[in-house]
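Notes to accompany the following structure.
A, B, C, D and E label the chains in the order they appear, each numbered from 1.
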Amino acid sequence: MSFDVMKSLRTGLIGSVFLAASSFATLAQETLKIGGLGPLSGGGTSWGLAAQRGMDLAISDLNAAGGITAGGKTYKLELVFYDDLYSAQGGKAAAERLVHQDKIKYIVGPVGSPPALAAISVTNPAKVIALTNGYAPGVLKNDAPDPYNFRLYNTNLEFGPPIIKWIRENLKDVKKIALLAPNDAVGQAVAKPLAEDYKKEGFEVILDFFERGTKEFTPLILRMMAQKVDAFEFDGNSPGDAGLMLKQIRQAGFRGKVFQIGGPAVDEIIEIAGPASEGFMTYDFVDWDMPKAKALREAYQAKYGKGIISPFMPAFYHGVYLMAEAIKRADSIETDKVRTAMEKIDGFDIGIYGPVKWIGKETYGVNRQLMMQYFFSEVKGGKIVKIKKFTP
Amino acid sequence: MTAPLLKIEQLSKRFGGLQAVADLSYEVTEREILGIIGPNGAGKTTAVNLVSGVIEPSSGRVFLDGRDVTGQKPHVLVESGLVRTFQATTVFGGSTVRENLRRGAFRLLYPGFLATLFDTPKAREARARTAAHVDEVMHWLGLERFGEHVASSLPYGIQKVLGMGIGLAARPRIILLDEPVAGLSAEETDHVRDTIRLVRERGIAVVVIDHNMRFITDLCDRVLVMAQGRELAQGAPKDVLANPAVIEAYLGKRYAKAQR
Amino acid sequence: MPKLSVEGLKVTYGPIVGTEGVGFTIDEGETVALIGSNGAGKSSTLKAILGMVTYEGRVTYGGEDLKGLKPSKVMRKGIGFSPEGRRVFPQLSVLDNLRVGGISRPQAELPERIERIYGYFPRLKERHSQAAGSLSGGEQQMLAIGRALMSKPSLIMLDEPSLGLAPVIVERIGEVLTEIQKTEGLSVLLAEQNATWALSLSKRAVILDLGRIRMTGDAEKLLDDPEVRRAYLGI
Amino acid sequence: MTQATKITGGVLAAVVLVVWPWLTDDRFLHHVGVLIMLTAIGASSLHLIIRTGHVSLCHAAFMAFGAYGSVLTVMSLGLPFPVGLLVGTGAAALLAATIGPIVLRLTGKYFVLITFLFGEVVRMAIVENVALTGGSNGIFNVPPPHPIFLDTKAYYYLALAFAAFAVGLCARILGSEFGRAMNAIRDGERLAECSGVPVIRFKVIVFIIACALAGMQGSLMAHYNKVLSPENFSGIISLNLVVMNVIGGMSSLWGALIGAVFMVMLPELLRGYVNIQHIIFGAILFATMAFMPGGIIQAARHVKAMLSAKPDAPAPPLARTGAAE
Amino acid sequence: MLDFLSRLEILLNPTVLGQVIVNGISLSAIYILVALGFTLLFGIMRVVNFAHGEFAMLGAFAFYHLTKDLNWPWMIALPAGVIGVAAASLVLEWLVFRWFYQRMFESMIGLLGLNMMLIYGGVLLWDTHERNIPAASQEVLMLGDIIIPIDRLIVVVIALAALTAFYLFIRHTRAGLAMRAAAQDVETAETQGVDTRHIYKVAFFVAILLAALAGSLWGQIYAVSPHLGERPLMMAFIVVILGGMGSIPGAALGGALLGFTESIVGTAFGAAASAFLSFGVVIVLLVFRPWGILGTPEN
């Protein structure tokens, strides 16, 4: 990582005062800036870092392949990534800067509903395309009649019901499920609809929220066990917390099933829970066996070390590719045209997810929800093994 | 004989297991100077705190001018004409002498929140009136030449006088002085004693706590001796000093002899 | 050679002068009183000797210059100190307070030292396990003096030991002090406002006013001096 | 400074504040302008509390009351924005009037602690009360005060007007006899009380006014951001307001304003170095507190004093948390 | 009311009760370890160490690297890591902390700055994902119906041993006596022969030692990441308010109260109830007894 002080000073200090100069500079060069947003402070830092790195790798790959061509010009891509503080105000400020000062037209992020919703209120009126995340339905169901934002990957509204159906058919002894979720944005957005989906399939569900940051889940687990649950489910949790819960559930002597529909960061869960992760079942969407995914993993590890890879990394990598594809297809960098091209993308496949498409008309009123293949997997012998594949 | 200005009845205070003040009773009439003596920890300051409303008594009553004022807050008592000074934090160290006295004269000065916010004529008039009053107090206590000095830069003796001045600026009818001459030399002590006599001449009653026997006996009409929260003796100075219980528990034989 | 010698001492706190031009000596086994009202410069002088404040001038103890030494080092040279307002450690037991006083001495010595101090102040022995904060003012003063004696000093400095005590207690402390000084062969620097008492206990005295020396001389002579009688004894 | 230069300076500053948005069409700069104006309301109102010797760590909780009160009034009851603003401000004032008499009896560090905990409880209550507040996901699609204020430049003038009102009110209070009584309270609470100042009542009045202003800021902020989430009312936000006062200097209202400008600009200056922004910020906090505890104002006075070669006045004491030990 | 009682019934189940107690003890022990150091720094140097949790984080990472990268057995890695972190932190004492001694208000904000520097320095160095220190033992102990994970038991034993050692150190050594004296009146302690500069260093070392140990144990039973310190700091802060700022027995009592509240109330009524109850109780306590359960009021 290099911190070019002069450069930052220019973009920061002088840039904010003598803004006109910077906007001329953008036009003069054949570069196309891609904006990125994600939390780089507080508890969500890991998501933001993964997002930043995924985008960084995608842009390097695209530039290495010659950049992207549109309207007869070839553009080198450049990443401008800001911290959204994982809050509404932070999301708005970062988006204002990307949109109005850096004059960026294409943004991937933010992660999380409050910053995403705030960012959209800046990007949509400015006709800036944003591939956001955030599980709240409002991210897509917003008041803009003709929005420019899309959601970058599946939410439990899409993948929940099919997996639950599969569980009912295949895990016959599970009748009563304990659902533990943090009271943060993800947990609160995800857990309630998920509980409804379970109930619709005839399961009994006990739902409990805990204060984000809790590490000792044993009291909650004991409470659930005393109510004779057959299975634990913890979608909506960060992978670290999910791993801890898994460990503590096993240590508390629970022998039943533990699974989660959502939160596809299995590697980190296995790392934390260790042997306790055996038999854990989870939703998953990255197929690391695919050749392109394998290459991405190697590139990541070469650049950022052999740490655990968050699923946000490939998601944001993919987001940049989606954006590039839409620009190529539109053969223009005009956002109206690119948006139309984006809407028409169907079956696009860069070799990480298999073919993807836009859905969501009936749930959100707009076809702006990305849908890709996903799996239900199980940890066997310390490795993740796919037991059921779902295709869009 | 006039009704007592201040009347204390059976005042008691417990802090947890400690009986700080027990069954204390005394009266102060107009223009009277009452002295309270006793070793540190005897409950003298607690007794002043109870009377001036800084802490609430566990039991007992305080009457000011025949009105029951037990448990009233200090600022309310100031309105009724009772002020007190402190042993340690006697002055606002960071402010000038004039500002210190203005603060003491708060009740004359403050015209109400909205009036001060909009600086109404009433507020301006109060300000002018107070300025004159502050000048008068400074003149009276001999503080004129220190008017614009920051209080903490003044010699200790002057600070002590200023502390008294803050209390007097409120135009009290009775003033409670907590150790006004502690740490002063004999010369300075005499100056304070004379000032307190002047205070009395203005019709203000005084309750004064101190250790300095000479100061107390010189000044006071009556003396109350406290030990372990209780009254040991009360009466005219020379009677109290001759009281065997006081000699035994407080003065010591040698000291008593030397006094005579 | 004097035990302690102070020359041309000047202590300032920002713009405020604590003492200026103060100088005196204390001989082996001698009691010297430092008399003055609050703000006269007594505490500033003691603090300077102890190294608690920076100063101009020169302080030597047994011929050794004390400038630049921290209080913990100064007291290791053999100076015991009982601070103004006693300042015992209120939540420590009487015994622990004494042990703090002896912290610079070999541990093996302490039991004997402690017994000796209990000998001077039997009340402390009765209350050895009690928290020091629960003692009466007089007992706390005894503890503070006892604590200062724990380090086997050859000079002790007492800052206002009579403050806020009943005359009967002050008298008692004076007696014990005289006894201790005799048995231990101590030099004593006694900073006091209570001039009558301080002069009765000491051989020589320095009278301070507004940070400067106003008078100095034999205690007996000063007791008879008309100016002293008027300004400090109030007679 | 003479009276004339003061007036000239004031007029000049007012002109600059009104005119500068027309010199640029960078909406981002207008956005920063809005943030500075709104933040100045919070910082200067907190300064008012600090001047009574209390460092409050729950100012954001009152912003939250203002924000949610206003947004719910507008969105759930369908009432116009001015009503929402009044309701939000009033809700914050009411809360302050309720807890003020209890918490203001505590001083120094105890006040810091209790307000910190109270702020956390308010945040937790917002998070848990999903039905009313939307929980952690908050409330979105908050309407602007009026469609005209969808334009950031227009919102800037709205924010400027309210900031001028808030800062003016704070300055007026501090300059009045009431403000002098506040100084007396800060310098010696017991002595002030025994000089006839109704200490608790005055502190409660200050607290209510300051918290009402905080509520006003919360309301304006919510209708500007269009999204409301509890993260924006956490302890960190309250702490940031304290930091503004400290970095600027707690001895005068100017300190709070300088601090507000500094703290809004700083993240923007550091935005380029996303990965080390917090490290730099941390270093600034440390260095300020270690070597410049009087803040920028005090440092400026030192420089001025050195230039004019006059001995400078001793630094005024910090809030009573530190001094009266 | 009926609902209330039926919820409490959970605790009558022996399996649950046993775990509730073991959890209560292990939570309490860790909270106490963090809180002791925090209260020690406050009591002696009047420093509110808002970076205290980050020393727990450093301790956890040291333990992690020693066990995972160097493959040291945990019985050696734990003390080595903890002492190493405490010793290395003396550099920070010299660079940062000494500026804030006896300056409470400045220390709060200044050390908050250090806190941010350490967290985000940690993010640069170690990335943000959570790591696992291999459990000392995967076994569980069965006592009738009661199930106790062995690694929890080990944590409890180590923590209790550390607390005992600390108690003995404070009560029966010269340095301990000097610390207790300095905590009450630094100036006087100095005049009685306590070298305060030295005692500050010792106190700092001990405080960081305890924090690093707490962090290592925390990392052992939970997980390790640069954000590890936030929760222990928050808890230590509440524990210390509860027990009384600067009071050592207060920290022990506060830690035990909070640990057991979390364990018992969390089990019977859920996590939110437990959090509200802890905060509510501490607020009420502050109103009526601001100096804490075992603290002493300041005049």
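Keep this in mind: a residue touches a chain if its C-beta (ideal position, glycine included) is under 8 Å from a C-beta of that chain, and two chains touch if they have at least 3 such contacts.
This is a predicted model, so every value here is computed, not measured.
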Touching both chain C and chain D (chains): B, E
Chain pair showing more contacts of the two, B-C and D-E: D-E
Taking each chain's C-alpha mean as its centre, the one farthest from chain C: A
Rounded Å distance between chain B and chain E, as computed from the means of their C-alpha atoms: 49
Where chain A and chain B are represented by their mean Cα positions, the distance between them in whole Å: 72
Distance between the centres, which are taken as Cα means, of chain E and chain A, whole angstrom: 35
Chain E, residues touching no fewer than two other chains: 120, 123-124, 272, 275
Per-residue multi-chain contacts in chain C, two or more chains: 15
Contacting residues of chain E [partner chain A, same complex]: 10, 13, 15-16, 19-20, 23, 27, 120, 123-124, 127-132, 134-135, 138, 140, 147, 149, 152, 218, 222-223, 225-227, 230-231, 234, 262-268, 270-272, 274-275
Chain C residues within the chain B interface of the complex: 15-16, 36-40, 136-138, 163-172, 193, 195, 209-210, 230-234
In the complex with chain E, residue positions of chain A that touch it: 1, 41-43, 45-46, 49, 183, 208-211, 213-216, 218-220, 222-223, 225-226, 239-240, 243-244, 251-253, 268, 271-275, 304-305, 307-308, 310
Partner chain C, residues of chain B touching it in the complex: 38-41, 152-153, 155-157, 182-190, 211, 213-214, 227, 248-252, 254-255
Residue numbers on chain B that touch chain D, as the complex places them: 52, 54, 73-76, 78-79, 83-86, 89-95, 99, 102-107, 109-111, 113, 116-117, 119, 123, 127, 166-167, 169-170
